[in-house]
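Same chain, two partners: chain A is paired with chain B first, then with chain C.
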Partner chain A sequence: MLEVQLSAKPALFGAAEGLFGTKDASTAGIVLTASTQSTILQVLSPPGATGVAEKLQAWVGAEGAGLRPNGPGNWFVVCDAQPPRESLEALSKTLEGRAELLDQSHGRTRIKVSGPKVTQMLAKGTAIDLREHQFAPGQSAPTLFGHISAQLTRVSPENFEILVLSSFALSLWDSLIVMGREFGIQAHC
Partner chain B sequence: MSAYRLSNGGLIDRSKPIDFKFDGKPLQGFAGDTLASALLANDKLLVGRSFKYHRPRGLLTAGAAEPNALVTLGQDGRTETNTRATMVELHHGLEARSQNRWPSLDHDIGAINGMLSPFLGAGFYYKTFMWPAAFWEKLYEPIIRKAAGLGRASYVPDPDTYEKSWAHCDLLIIGAGPTGLAAALTAARSKARVILVDEGSMLGGSLLCETTEINDQPAAEFAAQAIVELSAAENVQILKRTTVVGAYDDNVFGALERVQKHVSVIDDNKPVERFWRISAKQAILATGAEERPLVFGGNDRPGMMMAGAMRTYLNRFAVAPGKQVAIFSNGPSGWQTARDLEANGVDVVAIVTPETASNKSYQGKARIIANAVIAGTSGEKRLKGLTIRHIGSGSEETLACDALGMSGGWSPIVHLACHRGDKPKWSDAHAAFLPPAPRDGLIAAGGAAGTYSLAACLQDGGTLAAEALDNLGHSVSRAEFSTQQDEKAEMPAPFWYVKAPKGKAFVDFQNDVHLKDLGLAVREGYDHVELAKRYTTNGMATDQGKLSNVNAIGILAEATGTSPDVVGTTTFRPFYTPVSFGALTGSHIGAHFHPTRVSPLFKWAEKHGARFVETGLWHRSSWFPKEGESDWRESVDREAKTVRSHAGICDVSTLGKIEIFGSDAAEFINRVYCNGFLKLPVGKARYGLMLREDGFIYDDGTTSRLGENHFFMTTTTAFAAGVLTHLECCSQVLWPDLDVRLVSVSDQWAQMAIAGPNARKILAEIVDEDISDAAFPFLAAREVGLSGGQIKGRLFRISFSGELAFELAVPAGYGEAVADAILSLGEDHGITPYGTEALNVLRIEKGHVTHAEINGTVTPGDLGFGRMVSAKKPDFIGRVMLQREGLQATDRLRLVGIRPLDPAESFVSGSHILDVDAAPTGANDLGHVTSSCFSPHLGHTIGLAMVKHGPELIGEEIVIWNGLKQQSIRGVLCEPVFVDPKGEKLHA
Partner chain C sequence: MASLITCPHCGVRPKEEFTIRGDASVTRPSPEADGEVWHAYVHLRDNPRGLHKEYWHHTSGCRRWLVVTRDTVSHDVIDVSDAGALA
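And then the complex of A and B:
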């Protein structure tokens, strides 16, 4: 058997980067960041399963990860980096018999959007009411950005995260840059 | 000279002159002008030619309803036709051109239509150009289109960008005139989120045009101060230069913002227009009222305009409309105009009114001619005089003047309240149609509700805003304002038209519909308001009858002896004013027309020189030309042959992939496929045929059992989303009792087919586990390690090509690395990348079907899969309906192979199958070719066909008829498997 070194390329490999609509990074109203090292897990539980959300909440709290409710009995767990194997095993064990745990790290791409103009920019894509009392930090919802389906989460008042099917990531990335140009946008992936 | 700029006053900035051009002639205006006010200040009374008769026309209004002053702006891709000069903000370098005239606005040959007008009444075209029928398209229509027109669009692409955006609010206030401002000032006191929208560049609406006072301030100053206050309020968002154009269900409003239509240099980073979708919990319609023209002989000469428009030009833009101005007014508006004109030193020669008494509050110098009408006018390109007729005596007199302000009363602007189908209601007391009852929190206020006095509008706006907020749980007190004593705004009875007019009395200015046209419509039986509209074109075109509809209704009512209430209005539909296609399209043009889905192996394929084909949103690699190959067929033949002789690798990542979990997963899958899945062993894949409820095949694919309660289903590329939706419906609606969970993992895996006699040897170099035939037999499906456990993948021994083949799925990000490794490891084994074209050749050679065959009208039996349909299962989707007589009939189209009798000849998909002796007509059709290709292995064209009694006719000679090209060749029906019919290679 030959020695072959296998390395992964994220879906946004080679995507457009830099400043758009401004020449000065300090004036950019929007910062777009591809979170390419993320681990993304999908959790599916049957109707009536109890305690799943609580157990997930406890795990993400301990790991510094994020929980994104996607539908009834359906969550995404997002981590900025690969969590330790033992921790993942512990999660898997906790959920055993209650829910399935599925790796979607390659199937979904995580894009972070932030900046003082972020809600104005996102309103060009989503019909979600982004006023803070309507869509508070921690809230998450599936929505459409133009023609592309995605999961939008408010991480903090001016920080949002978009989870999108990886095959659509490049298209969405380009659209986000178009939407953000008016405010000056800095994109890095 | 008649119109001129006043030396002081107005809301223009005389320190900022602006150069612009009209029909190539350099002119000057000031900052704060509209194109219309600047033209009027330059005494350009003639601004357009009418649609049908090419009559000289001037400005009729100062706002959104303008029917006459339609101009073309910009050049090339920025050409914008039918722009209302009244709505264009003057800016440096603005170039406007008049329309519908040749060779020039002053000397227009088309004006000959005016002389022919006795023949050109309503319905003229329909009656006259009846025969010969062929002439209509070739002669009449082109001539008519050339003679009548509204500007010419450009064929050059628009260089600017457009976009859409959402907005959400508790209270939407539409219009920032006195009512809207009062509502907004009240709402600003609350914590509710408020959006105030106005179409103007300056907020204030009529306050900018009137000489009245609020809170002891001139109205315009009050408006300016209100805007400062509202801009400082955190809960208020102001959208100016924005027209709310449509009202939709759930209180969603469409609004067009002109972001960069008033600037000389476009900023590429911003859109020129933005289309808003505003979702509001409550909305106040403060759109005001439209002044109605009067219908009398010669009422369209340049120099005549609405009395309210005259006040706007005078008070806001400091332009006097003429030197000797006459007024023709039913109601108080004309009297106010006379007062304002005289206050600015303009001579008012007469005030003519059909009312019997003078307006008591008027103290000016003008001669008052009550109980009289204007019967006719004189002047060509500008008004010269009037013929005044005294109603009592019938006597007439003439009067010289150079401008006329007219007012026939007011019509509330109720459009948005009617877009959801509600009809406005006629009110005799208001002499107007009033808005329908409030609906879903949308309520009309002020002028839009028939309230005309300033004090009442301010009060109405404040009260309704406080009520709307109260409904949302925000209690505020109403903002209060003090005003001068208003003139009592009592409306006289409507005055629809002057009888026996001298010359044409226009009702619809934009479409040249005059009084006689409506009379003709009634006489010919088109007296229903909707029919009269179509017959005469009254209320059509870009202004949609903003000025003409109510007058036409009044005229129809009088002609039919009924009331406007009985006649009713035509249907109100979005948009209130025109919206560009650019704004509706938003950013979805060019590369952003639709999203592109990128396969995880796209870059790998691109790197190896692939040509791509658009398949839905995907770009799939279709072939990989090598140096020296000049023709796609050459590459495809080589790829197909290499796969059969050595090995090939192909991107199949676009197939739909669905993970299915649950203790009832096997039962679930057993019910959605027509063949059995309950006993599929763990570690095995099976081909499945999914039917629709009606018994026809929906989709096909393989499903593998990865664990007792864990399956992995693949679908076709085209039906990936549809199958998942179908399965979700089955799970959630049909069988909610089954324990099943579904999730799409289409994007998680890069999947590649490795096919050919050397496939195993190549894969064995990268797969950690034993994949010999014994260890990994046909239809095996398991998780495997790759390259010494570096990553985990899923390996399936399935084959679409008919060769010894595997499909390998790896986490998407590793796709390129793994595919490259396989290409490199396979180099010595003669591997080639191949695309969808070669894949198609390989599958046709094996008689494998795709959606070319499964087109929604075929059953399993039609494709020779009849025995796959389980007879043992108690139920599955499609079971009952599949038993229908028609679906079991023996003469159905059935799958068969087809080849040309002479191998040198070829045929294409879509060709029809005929009996040898049959005439080439559809009536003799026996079936058709569904798939075809050149088979490099057989050296001739082959195909799959759906033919009546097909399998029973194998060996028969037939005719393959291409009806489009009228070509027929002889062919032979054969078995649909052309290569390796025993499947020996598959099981090697």
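And then the complex of A and C:
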């Protein structure tokens, strides 16, 4: 029988890094990074549950975390670092009976794309209207990026986050480098 | 084919984000219904010229089932609503 050795490795293990399309980092129109230490929670609530968005909003406000609405009754909560255990327990308690919390830190990867050319570049991947009055800072939406489903968030005018299934992260990373090449792109994860 | 669908949850999106299941006007028969009725429900479809009501799934967005009413001649999308409202 064939022996299969399973080994754990980070989602962006072996990802391409460095400068592409330019030799000078100061002229890069795009910067590509990843936030690999994030805690990512998925929140799912049944139809008819009320007040979940408000409770989540209050919690992310207090924790300095981010809220990414992923569809009716469905959110992602992203934290740059692991939130205190008591705080997570409190969140789970306040949502009791209205929503379930699932740790997705292992299952999703946060890729960050920024720079003066970022909307031009992202427009190659998604059909979302990225003009600032249509997709303002703080807005987040699930969309198709190339052929990959992902959650796109505008953090600030020239700063975006793409939350993607970890098994697709490397493929998306490579596509982003190709898309960014014409603007000069600096990638490091 | 209509190329832009206004999802009630996500806003305007291209058809590539959706999966089309088909006719939303047929009603599932009872499990006891006879073979002819089931045959009609599963296999027989009209190919309307003009208004058509279909189930579309927002696969790469909110993952909700929607009911899209569109015109097969002009490609106009007349209405998009969450299928949960029909159930």
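Note that in this section the second predicted complex is superposed on the first by the 180 of 189 C-alpha atoms of A that agree within 3 Å, B and C clash if a C-alpha of one lies under 4 Å from a C-alpha of the other, contacts with A are read in each partner's own complex, and residues count from 1 in each chain.
Please note the rule applied: contacts are C-beta pairs under 8 Å (C-beta built on N, C-alpha and C of every residue); 3 or more make two chains touch, one makes a residue touch a chain.
Note that the structure is a prediction, hence the values are computed from the model and not measured.
Of the two partner chains, chain C is the only one that A:Leu144 touches; chain B does not reach it. Once chain A of one complex is fitted onto chain A of the other, the partner contacts of A:Ala127 extend to both chain B and chain C. Applying the stated contact rule after C-alpha superposition, one finds that A:Lys9 touches chain B and leaves chain C untouched. The partner of chain A that touches more of its residues, comparing chain B with chain C, is B.
By the touch criterion stated above, A:Leu102 is placed in contact with chain B alone, chain C being left untouched.
By the touch criterion defined above, A:Phe168 lies against chain B but remains apart from chain C after alignment on the C-alpha atoms of chain A.
According to the touch criterion, the shared surface of chain A, contacted by chain B in one complex and chain C in the other, consists of residues 47, 74, 127, 129.
Within the complex, the chain A residues that touch chain C are 47, 70-72, 74, 127-129, 141-144, 149.
Residues of chain A that touch chain B in their complex: 1-11, 13-14, 20-21, 42, 44-47, 73-74, 100, 102-108, 120, 123-124, 126-127, 129-131, 134, 146-148, 165-172, 174-175, 178-179, 181-182, 184. By the touch criterion stated above, chain C contacts chain A in their complex at residues 9-14, 16-17, 58-64, 82, 84. The touching residues of chain B, when paired with chain A in their complex, are 161, 163-168, 193, 269-271, 277, 279, 587-588, 591-592, 594-600, 603, 618, 659, 661-662, 710, 736, 739, 741, 743-749, 765-766, 786-788, 790-791, 811-814, 816-818, 821, 824-825.
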